[in-house]
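Shared chain: chain A. Partners: chain B in the first complex, chain C in the second.
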Partner chain A sequence: MKQKNETLLEIHDLSVSFRMYDGGLEQKELQVISDLHLTVRPGEIVAVAGSSGSGKSLLASAILGILPSNATVRGHLHYKGQQLTPEIQSRLRGREIALVPQSVAFLDPLMKVGKQVDGHKKPYPTEKRRGLFKRFALPEKTESLYPFQLSGGMARRVLVSTALISDAELIIADEPTPGMSLDQALEALQMFREMADAGKAVILITHDIDLAFEFADRVAVFYAGTTVETAPAADFRKGADALRHPYSKALWRALPQNGFQPIDGFQPYAGELPKGCLFAPRCPHATEECRCQIPPIRETGDGEVRCFHAS
Partner chain B sequence: MKGTFGRLSRTFLSYGVRILSLLLAVSIISFVLVSASPIDPVQQYILGLGTAVSPEQRAEIEEYWGVNEPPVERYFTWLGELLKGNLGESALYRRPVADIISERFANSLALMFCAWLLAGVIGFALGCIMGIYQNQWPDKLIKKICYLLSSVPTFWLGLVFLLVFAVILKWFPIGFSSPIGILSEDVSIWQRLYHLALPAFTLSLMSFANIALHTRQKLIDVLNSEYVLFARARGEGKWTILRRHGLRNIMLPALTLQFASFAELFGGSVMAENVFSYPGLGSAVAAAGLNSDVPLLLGVTLFSALFVCVGNMIANLLYGVVDPQIREVSR
Partner chain C sequence: MRLEAKNVSFRYDRRQPWVLENTNLSIESGERLALFAPSGYGKTTLAMLLAGYLEPTRGEVLLDGKNLPKKGVCPVQLIYQHPEKAINPRWRLKKVLEESGEMREEVLDAFGIERAWLDRFPRELSGGELQRFCVARALMSGADFLICDEISTMLDVITQAQIWNVVLDEAKNRNMGIIAVTHNKHLANRIADRVYDLSKQEYL
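Our next item is the complex of A and B:
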């Protein structure tokens, strides 16, 4: 129980759906995240891994409370033991919870970088920002550049600075590595490792799964808007047999260095989710039970899994 | 600095060449149109004289004016005089066209500038409100007003305003650019502004709807952008976002639109000046058209083409000054 008390962010049975107009005037609920579980503790990196369209980025928006107005959130979001209401979320945004966006497109194209990193709160933390830029080996003139003038590597460090300048305790990094060379990606992940070692909690949303294994403490595997398994990163380094859920195993085996074996089928589209286990249509071990009932999340060893048959 | 100067002079040179070639094209087209029209300038001139003219005298005038020469020759004669600065003499006002244009344009400029400023400020502000309250009642209400205003003809709106504000309420004078019975030297700036207010307001109503709707759309695009999402993630509120990111990013297209609206402004001023009997270029061009005053008509056509071109040129130049992505790259 000791660990539970230390939990910084706890997510239970989180569902996010969008109201959409289906063709004509008929309204339709599109469920994009279903019954998601995730806990994050201070000092650790939790990697959220999964393919595109598995709801990873929406999770970040849901935690921050910046989903579009046609979204409905159900379930429990607790930060430091406190229920996250829209009011609390708006107070925490940029103060205790910070987002590291994916690319330079998340910076205002017409605002100089320095002013942008400083943020909108007065007094502007200009001195602190200069210190951060120095630490990240960004040249002094960077502050008077516009986002389009930054190189890829500079942009990444600038984006990370926006999170560090806020003293946030929870940092959500949304796909910080795509489009980077291996060296750049390693450098970026090293930055997050340092943040976690300094006592912050980091949620690392990524589909560079193999890199995530190396730097994260735990890995949550996303499939069709839910977490099918949360396991220590060490299990992923050990191999498919150490993993619990058939999708995690399949994901591991699909990596180029582990045999490059894809499995058949596609991740179901948000509008056409199966009735039972979301993975059942593609699962080699699926039984009648799996097709009718959604398996509950269970603790097994050091991890959690959502599967009837996992051991 | 030298590089900046070189770049600027190159820019101006290229714009100069473009404007000159456009003016040449306009002069050819308008000359052809006037030649093809049934207007008989000699007849108009004789009518203006007010005395009877014998057929022999008429033939003499035709000979003197070169009416019977081939059109191409006539065009080059006209162009040659034009290049010397001679725009001809107005058949209607019996004065050099250049004098009329400069005098009337000063009046029109005051009117158009006030209308332009009003339209820009009101349009931009309303556009921002609509964008912020997208699909809520303020947006829906203002949008309906904008659609209504852009579909109502200016002259009709002008007449309604005249009726309501000048005739019934008597808040504003019913016409002219200064009070009747006062020497033009004695007219104060306030009297001028007082006479200007109603036509300027009417004229601004014509173009502000356009600016407001464009600003609204652009602001909505900005608010749906990734950088605004990130700003929200960093705790910026609705109004902070508008101030820090919204205004910055919609200012550019709004400025361009504002300077590119010179054409509509000039077109609208023809209507507004006639309704309000305002002695500007717009009412002069209407009078020239109705009275077949060919020299004045051609002169105003060329001048208005120049006016619109300059507006568009300013819009283009401003873009380079204001947008860092253009400014910094060309440096």
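Our next item is the complex of A and C:
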């Protein structure tokens, strides 16, 4: 929030679609991300929340340029004011932009984890890695273990170390905390916070939204492949009434500490999306307008919302 | 009914360290217990021992004083954290459910499983939807105890609340016992009557 005008990553009207076979030799385009907006400034953590299958991990892949070859990306994807092309992406990947992958299956099963965290040609001193392991309460002998010898939470901490050891300007952490105990999760988030305070930027994709509220500066809420709301994290700490979009409010109310009340229904599938607002079929306030037209994203207060009725 | 672990110890082989040592735990039908511990304390191992997927190295797992049955559907059912790894990727979901016995419409309805999903393959559904199938599959078998190993960790909070509300309802109606492994203190307080800390071997 310090450097208000300078943006590190700017995403506008991003869409991602996959070319798929649809019976015989017929092909169809399946759009999985549509009109997505997200800006990230140096010094901040932007948390990305939303349902499973809302395109959170695909966004990470799109930024890094590691989508499969049948995917098409359209829209503005600017890093430091420059459109991200496959060449630029391959140069930045692992150097300026680091990823904490979602699955512990990303660890090489045949390589000792110490060596994996060090990375190709070992660009960082061993001390740096040992320091990280120590902060994560990983015993020193962990470095000479193979991934199958680690518990889920240990593997997760090793994965996070692979990104924190780098000097990246932007870290995209895709679900870094599941399987960690609360202390370990807080330590991981604290380390992301320190990176951000040192002028780096972090995109934190997570389902542990109650923890994210405490550490993030802003929260972007995704639903069915689009951004429905971006709000200061402080609004999420205040409660459902401070939020703008009905889906964000529903997320807040479904937390175990806030009522554990789910809303009915499911997120629509890509390819079977409703004509108007994507949330309209589950929304208590939906009107005729919502069912026919997709609401544009607009600014309200110090956030953004994609809803006709939000104030 | 009572499910108990009596002085259970486990290690993978004689040269390996103990994963669990002299662990005791017991739960009655209708009770709900949350299992809490930092990672690496053997929560998942204990879950697999209780459901009969692993044999204890020492000690025993007893259901009403007897060993778990070796044949037929186990009355203690385990649900995993990653539904996509617990379902045959080459079976349509209808077959996945039928494997566990008679398909009961009321269970499908309770979980909001749409009939159109039954003809799909697992990769065509999201994690939250697949987890509904995993839970439904365990319930259809007529299980007496359900062991839930971080079943909602990978799900968004709305899906988490949807699934747990159904599980808790069913457990109440059928007087099932539940052991839930979770790292989330708030979730543990919502779903369980008691919380057991495996690292200290005591109830909180």
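To be clear about the criterion, the second predicted complex is superposed on the first by the 274 of 311 C-alpha atoms of A that agree within 3 Å, B and C clash if a C-alpha of one lies under 4 Å from a C-alpha of the other, contacts with A are read in each partner's own complex, and residues count from 1 in each chain.
Everything below uses one rule, namely that a residue touches a chain if its C-beta (ideal position, glycine included) is under 8 Å from a C-beta of that chain, and two chains touch if they have at least 3 such contacts.
These numbers were taken from a predicted model, which means no experiment stands behind them.
Enquirer: Should A:F18 be classified as contacting the first partner (chain B), the second (chain C), both, or neither?
Expert: Touch partners of A:F18: none, neither chain B nor chain C.
Enquirer: With both structures fitted on chain A, tell me whether chain B or chain C touches more of chain A's residues.
Expert: Residues of chain A touched, chain B against chain C: more for C.
Enquirer: Given the touch rule stated above, what does A:Y124 touch, chain B (first), chain C (second), both, or neither?
Expert: Neither partner.
Enquirer: Can A:G50 be said to touch chain B (first), chain C (second), both, or neither?
Expert: second
Enquirer: Should A:A185 be classified as contacting the first partner (chain B), the second (chain C), both, or neither?
Expert: second
Enquirer: Tell me which partner A:Y146 touches in the superposition: chain B (first), chain C (second), both or neither.
Expert: Once the two structures are laid over each other on A, A:Y146 reaches chain B alone.
Enquirer: For A:F260, decide between first (touching chain B), second (touching chain C), both and neither.
Expert: So A:F260 only meets chain C here.
Enquirer: In their complex, what parts of chain A are in touch with chain C?
Expert: For this pair, the touching residues of chain A are 49-53, 151-154, 156, 175, 178-185, 207-210, 250-251, 254-257, 260-267.
Enquirer: Tell me, which parts of chain B touch chain A in their complex?
Expert: Residue list for chain B touching chain A: 226-227, 229-237, 240, 244-245, 248-249, 252, 323-325, 328.
Enquirer: Mind listing the chain A positions that touch chain B in their complex?
Expert: Against chain B, chain A makes touches at 60-61, 64, 66, 90, 92-95, 98-99, 101, 103, 105-111, 119-121, 146, 148-149, 162, 166.
Enquirer: Spell out the residues on chain C that touch chain A in their complex, using ranges where they run on.
Expert: 37-40, 44, 81, 112, 114, 126-129, 150, 153-162, 164-165, 183-187, 189-191
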